[in-house]
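The following blocks contain the structures, represented as structure tokens.
Note that chain A is present in both complexes that follow, paired respectively with chain B and with chain C.
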Partner chain A sequence: MEEKILLKEGIDIDLKGRGGDTPPAEPNINEYDFFVLEEALNLDREEIIEQIKEAYLKGRGGAGFPTGLKWEMALAEEAEQKYMICNADEAETGTFKDRYLLENVPFKVLEGIIIGAYAIGAEQAYIYMRGEYARPRNVFSKAIEEAYKQGLLGEDILGSGFNLELRLIKGAGAYICGEETALLNSIEGKRGRSRTKPPYPIQKGLFDQPTAVNNVETLASCREIIRIGAKEYKSLGTKESRGTKLVCLSGDIWKPGVYEVEFGQVTIKEIVEEYGGGTRDDAQLKFIIPGGASTSILPAEKLDIPYCYETLAQAGSSVGSGAIIVVDDSHNLFDLMVTVSRFFMDETCGTCFPCKEGNRQVNHILNKVADKGGFSKEEVEIVKSIGRTIYLSARCGLGQTSLNFIYSILKNYPDEVLLGGDKHGKD
Partner chain B sequence: MGDVSFLERLHNLQDTYGYIPEKEIVSLAEEYDVPKAKIFGVISFYSMLYTEPTGKFIVRVCDSLSCYLNESDDLVRAVKDYLGIGHGETTEDKRFTLEVVECLGYCGEGPVMMINDKVYTYVSEKKALNILSNCL
Partner chain C sequence: MVKINIDGQELELEAGTTILEAANEVQVNIPTLCYLEDLSVYGGCRLCVVEIIGEEMLRPACTTEIEDDMQIKTHSKKVREVRRNIFELIISSHDIDCKLNCLTCARSTNCELRDVGEQIDMQEMRLDAIERNYVDDSSSHSIVRKPNKCIACTRCIRKCEEVQGVGIFTKANRGPETVITTFKDRGMGNVDCTNCGQCIQACPTGALHESYHYNSVWHFLNDSSKFVVVQTAPAVRVALSEGFGEQPGTVATGQMVAALRRLGFDRVFDTNFTADLTIMEEGHELIDRIQNDGQLPMFTSCSPGWIKFIEHFYPEYLDNLSTCKSPQQMLGAVTKSYYAEQQGIPPEDIVVVSVMPCTAKKFESVRPEMDKDVDFVLTTRELIRMIKEFSLDMMNLAEEPYDKLMGTSSGAADIFGASGGVMEAALRTAYEVITEEELENLDFTAVRGTNGIKEAEVEIGDLTLKAAVVSGLGNAKELMERIEAGAEYHFVEIMACPGGCAGGGGQPIPTNQEIVEQRLNSLYEIDKHKSLRKSHQNPEIKQIYAEYLGEPGSEKAHELLHTSYVVRNI
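Our next item is the complex of A and B:
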């Protein structure tokens, strides 16, 4: 598989993009230089956090919370035991960037975890990886094992006096476990149901101790920030979106894969057309989903905007996990809605009744609508009202975002989804 | 239960037996001093843990959006036809259990099929039948 390195010349963040690949060889620890880790362990905890804060890094797991701030709060907590957790549960439809990192640059991720743990003062870390990721699990387990042998984990890491134990926890097939509080319950050996917040994991996380949960890409990016320095990192991107982001391209596209883009420097259209090679065959681009199946769609005519947090928010959607799913005009919109809605029906954890029941009902309505080829006005109203109820009562992001796709289709394509007589009656 | 090793123990039992038998649930319940139903509740929460025997090969076919755009519905149909079973069912000879699942994290290479721990990508119908016929 050809390698697609897409960073502009002179910008080398080392999280190179590569398309639809199975990596050729397992990374070898002896060929990897842990100098960034060494450098980090020579800094004070506060200095590391200062760097991450100055770089304005936002969490890459979907919610976009500032990482430096999270670490600062975690460091400030007083507790016997603190935990650092790397969230490798990656299961948002369209997302496969964390797998790319775990398989191709596991030592960068490892450095990120150790740096994060050191910064917040945690001596125990976990990486929670989805159960289906067998190969990444093998690669990363081996990385952990070798790191112990080389004194990069365990006691007195690289002579710094810092001790850290790291353990891999294998998930068991539940999308909700990517949500940080559900993840904590799962590590504790319970059902992976989300907890009410507050308290946040920073205050009361794993076993009620202060816990920082960070995404794989976030931690790998922290490593890069320490490597190139916050000043250089924050010179990339835009005011609200510093640095780079791994984008996963999939769907109706010639060259799917993981690409690294500098925020604000390319438009979504360019990502789709130049990196992804455009839509396949003779089909026309209909819309894209910018951040995984829980984000709102953007129709083809609105893609001429730079890729970053600000513009996507203005356009009514979100960077999400970075999963850009490209959809051409050859599909039946109802079938797509049924497919997305089934995901949320299957994956709700069932704690909040409206999320559980509402998503089931919406799926039922959509199946009916698909059969008859359109929504009645009443059905639109029912879906909207179910959506409001779910949104208001949902404990976590799954419920809150579960109808974004459906809503945005209804909003953008009323003429295509409403039944004949009802087309013009829509608000 | 309240223990980071608990999930791992469930995985180990799953790997040993191919499911988690009642007798193990009973002994876990005793060891952790919790009702049996509680252990059962944890197991049933996770889709990769089973309380009933499965087929020797668990076939998981992704039907989430990115794969759907790459005709995973045809793949699902072909696999169902070939095995003669539906989602969640096991063939009579106990060779295959079929699960139509949500995103497996290989969305750029769809359609995607997993058999036990192995992932197959760009799976055409022909390729799928070929792979399945080699599962002995």
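Our next item is the complex of A and C:
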């Protein structure tokens, strides 16, 4: 198997630093050629957007909204000030691809931000970075500083007449702040909680001005689309899933890490076995979580499907952030459920009642269940009905997806979780 | 216009209408908790979610605007299931560990959670109660906060910030640990709270209530060595009856007096009497300031919420405040001096209780500048509790008059309970004192009504008196900004609560604009039908000056009826 290289091009160290003797060298701006940026700034805004639309790029943060469409709408908005925001608050469990990009190819990300800002007509940009990301923050702060010195930020970038100010904002550790409207509140200095939509950020975002919020990987991908052209980018992948995706492989496998895969060309099973080197200690693979803890699990027997948006949707889950977490059969399902539930209980912002109270109750029930070693049928029904209620009525994506993991465990392993039922697992 | 179908009813409404408003048009009241008219929309409780045909997710009716051809189901199976589940979740962490919490709650008779439970037909409780074990905030003299009953709907935050312009509350922590609290968790008594109690009016549960004095009052009513005197504020008489099932605005003055005697009070006086006295003192103070180049504009000083507000936020204007005590404090002061002397009762044996539409009056009564004038302050709600505990069929009691010496009042005093009433009462007297002519039209309609800021110019002889009337502290803030920007007035009346005392924080729940207007109308009706409508013509007022105080503004009057203020930090 070979990795299709777009985003990872230019990274020659590839985790050499991990556990090794010398940390990877910091990227040097003088060794980087900003020719893609230069090319982009020579294009009309509409031309760039047309390229991104033609490439059919979907947002890589998790929701999968078409990036070109987002930019087109942002450009169409009339306002005195517009904002481009790079969402680097990567906090979905098992996700570390944005960190990888920020640490290793910060200039690609920077180009993506500038190109995006230019395309929508924003002269102000922010990168909102997860608080715990100390090294990426150091690397990227330096990149911004250097870029100002080299005329890549500030006034009249590369003589194009385009001006852009970019600021880095450090998050303070709240998962909810990765949700785009909560992120906007956080930048404004307000409590990190989601806003009611509509109005969408495109219409009324940061400081009530039109704002495009894009994920780190998305923006880096835009840079790649401009580099190789929409036609070539589009030739990669499948009809609904164009291009490549960074997959964060973790869990009970031999070789965790960030891998770039072309959509539709490899199966999940191959990703786990060939990239990941298979499960550790020859344990039996039980299931994977394909896109972080907010996505539904896929049991071992359903992994022989090509990795792309459409097949994962058919299988009842989603690509999410690209965090594939591999779980072998040595774990206690109740422990896993309690852990995931605890995460969502702690991280719900506390605004909407179904999410705040629902996650608390589910955690309470799961703790009881874990203590006695199984669910009663009634408890399964209660958890499912709370799950459905949160899904249908929560204010934002955090709540809506918060019970996907637990719900899918209940659905896939009914006999194992029920009290007195047959227990196939070795718990 | 936008065409929609809601529960099978076709209708056309203006763009921008929310689903919640649209449902009202077809007589459907979708249940809500965090929604409150006049406040910004929060969209947190999700109880108002509805189904839009063709969409999987439900949408909140309070924040969703109608779109063309929308097919809305406000009570589909899916919606009803979700609503019940949300409600069950709310209840489970709402202090229901079955220590009879509902029965002992401040809101046992008017809890919005109970209303919603009935509305959505709550049939079972499958979830465990989750105890939260927060500590009550009893730091304030006026208001108690019980965080275990708080559902974090933020109505108090929004009311305090958006309507009152104060903003003492905030949300802290994340997830289910999210709580409403005050700056650095200091407690309501240690922050810039004005004690106005509008947060209580906004709260759907028993998480906020006044600091109760009625148990102490029961104690002294049972102590035969004490002479317990009670006074009732103007706005109480038009609201008390709501506690006994009457329509808002039903007047129950005589029944209230009778009930107070049955409860055991030795004398029942009318705060209206000292409202008239206030007009005498404050009216003369105003004339003096105008004629002798005093500090102008002069601000009224009857509303203790407003007093604390200006002390916190505009202390540089303290010299503009009238030095007159409020009618509540004046009545306490003259009871323990004038009345005590007249009747030969040792002042130390007298306990003065007042019944107020107000929570800030509790704080006022313990201000060191006038400590001991008034011993206990009951809200209208507390008096309702006491009368109910005595099992009195209040509305069928034979009406009784107030006690002599401090029980007679003019119509001008009745309208003290309304925003604009103090102004109007003062104008009636000032006009006649300054011009020495009889005022023909007593109704100054320009200063009536529930508008937050009202302005008027009144010709009094050679003087064109510029007046402003404000209710609601958010509006007070706006007026102060106008004054700072150069607006000039002679006399400004400010009341902390929207609509004036009729909408006070101690009034029966619910108190909303419609109800406040009904109470106000009744106050003006009382005034209209009185033959005595000017404070200076009140015979008991003439008597107290003749027998005790001398002239308005005399040394004696200053000693008893005037006070001072303090600069507070923000």
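Everything below uses one rule, namely that the second predicted complex is superposed on the first by the 397 of 427 C-alpha atoms of A that agree within 3 Å, B and C clash if a C-alpha of one lies under 4 Å from a C-alpha of the other, contacts with A are read in each partner's own complex, and residues count from 1 in each chain.
Note that in this section a contact is a pair of C-beta atoms (placed from the backbone, for glycine too) under 8 Å apart; a residue touches a chain by one contact, two chains touch by 3 or more.
Remember, it's a predicted structure, so these values are computed and weren't measured experimentally.
In the overlay built on the shared chain, the residue A:A74 is in contact with neither chain B nor chain C.
In the overlay built on the shared chain, the residue A:A300 is in contact with neither chain B nor chain C. In the superposition on chain A, contact of A:A174 is made with both chain B and chain C. After superposition on the shared chain, chain A has more residues touched by B, the comparison being chain B against chain C. With both structures placed on the common chain, the touch criterion links A:E90 to chain B but leaves chain C unconnected. In the overlay built on the shared chain, the residue A:V327 is in contact with chain B alone; chain C does not reach it.
When the two structures are aligned on the shared chain, A:A182 is found in touch with neither chain B nor chain C. Of the two partner chains placed by the overlay, chain B and chain C both lie in contact with A:E347.
In the superposition on chain A, A:L392 makes contact with chain C only, while chain B stays out of contact range. Looking at the shared chain after the overlay, A:I113 reaches neither chain B nor chain C. Residues 174, 191, 346-347 of chain A contact both chain B in one complex and chain C in the other. Residue ranges on chain A touching chain B, taken from their complex, read 19-20, 22, 90-96, 99, 126, 130-135, 167, 169-175, 186-193, 207, 248-252, 256-258, 289, 293, 323, 325-327, 331, 335-336, 339-340, 342-343, 346-347. Residues of chain B touching chain A in their complex: 1-8, 10-11, 41-42, 45-49, 60, 63-66, 68-70, 102-110, 114, 117-119, 121.
Taken in their complex, chain A has these residues touching chain C: 174, 176, 191, 196, 345-354, 356-361, 364-365, 378, 382, 385-386, 388-389, 391-395, 400. Listing the residues of chain C that touch chain A in their complex gives 33, 41-47, 49, 56-58, 60, 63, 78, 81-82, 85-86, 89-90, 92-93, 126-128, 130, 151-152, 171, 173-178.
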